[in-house]
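Heads up, the next two complexes both have chain A, just with different partners, chain B and then chain C.
== the complex of A and B ==
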């Protein structure tokens, strides 16, 4: 059943499928999918292993418009093999960024320089645990292909990361997500490199108890990342709210958008290293230690309070050196 | 009787002695920049001469712990480690700024790391940002004209390989006989997680290297540019690659370097063919749409 675009705006981002998110984030009726389910480009490796496949290999990629901006969207489907990246969906993700750069170059050729109101934009809706182990070697290198394209997109194509779906942005997808210019989340968003189960398995339950849901949320969850300054905008859980924020970013000049970047310059290395040094010095062992250090009271209530209240009381890391 | 293969895994100090001109390695110094010695003791960042030519050298010392971060052990990449490497790379770029391509010093990544540090504080502060920062710095160096070469002497595993090595202009590996481990996860672990019997996986890797472990398998996927025979081959192979990379950069042939070029190699070698098919189809669809995107 086809859901109307207007209804999508009201829909929970968290509950939406990858395709619904992609369609709803851009202007009504403008989304065109690349290598959609009709092409039936499935993972040959899952077939060999006797596993179930999906005709879109668990990812929706394509281009739509917001005003005059071509908007390239990558939307991961966590319900299929945890949204993890293999050869086909990895190629679809990385090559979408390449096409965004091609579009940038084509605009430059046509207009002399890319007009701010026409600059291409990339949005990635993360819902993935990283590398798909069934085709691990191919999935791994696809992440590096994304990183090379992200490097090229800097200061040219705004790169918006969204973590607001069930899996979050985990494993190698965690650092790809943080390499975007601006990071958006709802309260369900998560960003991490090593997942709770893996930490417990590698180091032990005294380092991380993977069954402790509250610990997971205050370590990798969107509110913790908002306080740390890794999530730039914490939003209500509707596709419309994310679309609204994306439109606001689209209207900003590239130079302004680049100021949100979390990494990629010598100054940002020093800025981030100063937090690492602080954590080493103070021996932070829980996000609550950091929140108290930031001068927040009632840290126990932070995960449960309404988002509006949280946004009022959150004391965030000051960006800059 | 054949001599026992010389294993360099966990022995970066021996690798440095073997590869670089005797006694020339200086730790924590890149040109006029001195790196903090106390920062990230588990890694080394410095400069050394390779056949008389100055290089930046980065790698892991498996036996040095980090006194501040307890899960940084056995050569894993932690947060301080990534940022120290980033500082070394930026110092390298600064040192040769404005020089012609042939004078941009090479960056040699000695690769022997089993993973990213799997700790709670790493997740709180952001291991994600640390590894990505270093990857972006390496890309800066590559595009500034420095030849960046990944040399696998031990473990090149999963996220640590993504962090330290995979974005290089070229990647070279010692073969499996010399103890190198190149994979995301051993096949035994993949069997546990995917619930596919190990015997079946071992049978399948013979024809499909996509989840196999080892340099010879990932070579077919294009992950590596070349596999050499012995540790004695490292030095001449690095020297040849430095020259070749410089020539390609001078000629502007960027599509023959780096991670995207190795994607093309994967298709050529018959290991990642479906990737190429997907890309070709997307390219066609995009070209049809492009006029409407420029309106």
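== the complex of A and C ==
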């Protein structure tokens, strides 16, 4: 089916397919997919297990442009095996990062240093529950390859994480998502290491009721994460809104972008531990306790109110120790 | 004092009446064994109630049950695919099987683990029921192990009917929202089957025990009069309700939208379907959401879909708000819809107290006699058009769908669609001559492949295998082929009622069965002939293309959109939220 770029800008990010997100996040007509469905590179492991496969293995990767910036896009499809990462889609993801680095090096060689308006950018639209258990070893290797590339990209290629699709960023993809430089979300985005059902299974329904989706969102959802400072930009649910935000980030110098980073230095480890300590000291049992502690009123209404109003009243954790 | 005075003057029996009463009492001897038996049991049990009331403490419930029950009793635990008397079910599973055993459970649904535990512990041995959705696999296991002996699997009204004749419950365990100390019950939005169960029990001298969410001084309205209720037990937790009829628009696929669009043009509009029922599938949810958009574009507003025998589906909110809907008669309620319903008394059956009363029997009756069309979905359709939801290793039962997904041969009032369907009927004249008989439309809307890519169209239903496994006298078929008028798939519509022979019917089914083995056997020339005769319509015959079936056509694309449409009055249950 033909996809109209202009229609995509208005389309709900949450409801868009991985491919629609990838196409809509970059300038009109610029997206080129690597190893698309026509290449039929499918998971060899799923075939052996007699499971259904997808010709793109549940991921869309490619390159497009925003202005003069080459933009490398990785977009996960949660509708296929929960977006979980296996050997093929994992390799597609990691090697897209590698191409972004190669592009950076090539530009550096050509111009002496990479021009600000041409610096390559990486966007990952997360929609994944983590490792694909059918091929878990390969999936874990893919995760470590991604993390290695993130390390290499640091302070060179801006790395933008988006969690705004139905599965969110869970399991190993939870920490990969948080390892990006900047995290963008709509109201539906989620980030977590352990999924709600697994938490319930391990520690019991009284501790965490996985059928209570309101509880899930106020614990792991975008508004909670925005207040905690884990989500940097909370956006309206259109692909266009996300593209606008990516453009603004692209205009920032790398040093500025790096300030948003959440992980990866001893200082940031200290900062994150201080949050854990605070939660222990104050005995927070629910996000609502933290919201009250931050001085917000009507905490019951926070998940319900329109996003615009929320952005006005939200009191966020101050970053830095 | 004053009460007695009034009583003595106006209501004390005359001498003549007293004499008649004495004669009746004498003649009753030997004909009132049930009354005597109940009186004996009640004499022991009454002590559990707080003095001057019918209220029994939660902690005494198991002992109360042991006092009123005798081995071999027929017992009805209220519960269907929505509401559950779950506390009483849990208590029944705790009675001592050495005191009470071999009960014969007569209950609409087997849905809770405690329902199974009653059998696992040997408290009950025989079961007559309708629906077992969530525990269908466990039930099949227990039947194979001989732990449960099934009398029969019924449809809802069929089982209710039998509780008034040959399956009379001795004890009924029901659920209500509130009670007063006299036992008057308020059953509210989810009244469902409580009145039917209580009446079947109380008017055969049985014992009625109700779990209630709270005891109040005055109930908002009396749904069940107190003298039909023997004990009320206030519980810590409210009784369980399953939000079975909530479909998240986010999960509706373009293929389902396409099926919905075809049905709207080829059936709803073609037969002027005003009064109807919808199943709980995503195809019908898609239709509900297409009414204010695609339906309005096609000029169908006011012509179709105004009267519904239907639970308060949240996906119907946009159509209601857009003025499509005149009347809804529900079987039950739907969790989270309460405030919205209260704001629409013109549409829902709202009582003088301002809250809705549902009634499963009356709803089913409306769904049998007062609708022109049933639109549903199923797991399997065979080469003749029979359909079933039972697959090997699972006994899900029937619920209420077959009461609506069938022709109503006793119906006498005519509507255009009902007449048209009968005039088109290819086999009618051979049976009854050229008479306008009328016929309800029964439509199956399915994708050719279902969950896990299992083919929906099969040569032989799994139901036959299950019949063998469980030793049933008949295969558990949900809707028989002779009731079906239309089958809609993403490939097109088969107007199977128009077929003149079984062979033709089988060809029509193959024509819309897509890439299933059955569909691959379709013969192009036969299909083309059927198209010419109007027995098969492909999308192009309806001027529709899959490219038009876009999610942007849905009037609501998420649960959050439905909340918005309702003006914030729909309170989506926690499990459906993503905010």
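Here are some notes:
In this text, the second predicted complex is superposed on the first by the 321 of 321 C-alpha atoms of A that agree within 3 Å, B and C clash if a C-alpha of one lies under 4 Å from a C-alpha of the other, contacts with A are read in each partner's own complex, and residues count from 1 in each chain.
Assume a contact is a pair of C-beta atoms (placed from the backbone, for glycine too) under 8 Å apart; a residue touches a chain by one contact, two chains touch by 3 or more.
What you are looking at is a predicted structure, and each value in this text was computed from that prediction instead of being measured.
Superposition of the two complexes onto chain A shows chain B and chain C fitting side by side, with no clash.
Of the two partner chains placed by the overlay, only chain B lies in contact with A:135; chain C stays clear of it. Judged by the touch definition given at the top, the superposed model places A:99 against chain B, while chain C stays out of reach.
Legend: residue contacts after superposition of the two complexes on their common chain; A:221 is shown touching chain C, with no touch to chain B. More residues of chain A are in touch with B than with the other of chain B and chain C. In the superposed pair of complexes, A:17 makes contact with neither chain B nor chain C. Taking the C-alpha centre of chain A as the vertex, the lines to the centres of chain B and chain C open to an angle of 110 degrees, rounded to the nearest 10. In the superposition on chain A, A:211 makes contact with chain C only, while chain B stays out of contact range. Applying the stated contact rule after C-alpha superposition, one finds that A:88 touches chain B and leaves chain C untouched. Superposition on the common chain A brings chain B within a closest Cα-Cα distance of 11 Å of chain C. Considering their complex, residues 1, 11-12, 14-15, 52, 166, 187-188, 211-215, 217, 221, 223, 303-304 of chain A touch chain C. By the touch criterion stated above, chain C contacts chain A in their complex at residues 250, 453, 547, 551-552, 557-558, 574-579. Of all residues in chain A, those touching chain B in their complex are 32, 34-35, 39, 41, 43-45, 48-51, 61, 63, 65, 68, 70, 87-88, 90-92, 95-96, 99, 102-103, 106-107, 110, 120, 131, 133-145, 147-148, 151, 171-172, 174-179, 191-194, 198-199, 202-203, 207-208, 219-220, 224, 228, 230, 262-264, 266, 268-269, 272-273, 275-276, 279-281, 284-287, 290.
Residues 68-69, 71, 79-80, 83, 86-87, 90, 115-133, 135-137, 139-140, 143, 158-159, 161-162, 166-167, 183-185, 190, 193-194, 196, 204, 208-212, 217-218, 221-223, 258-260, 262-263, 266, 272, 274-275, 277-279, 281-283, 285-286, 289-290, 293-295 of chain B are the ones touching chain A in the complex.
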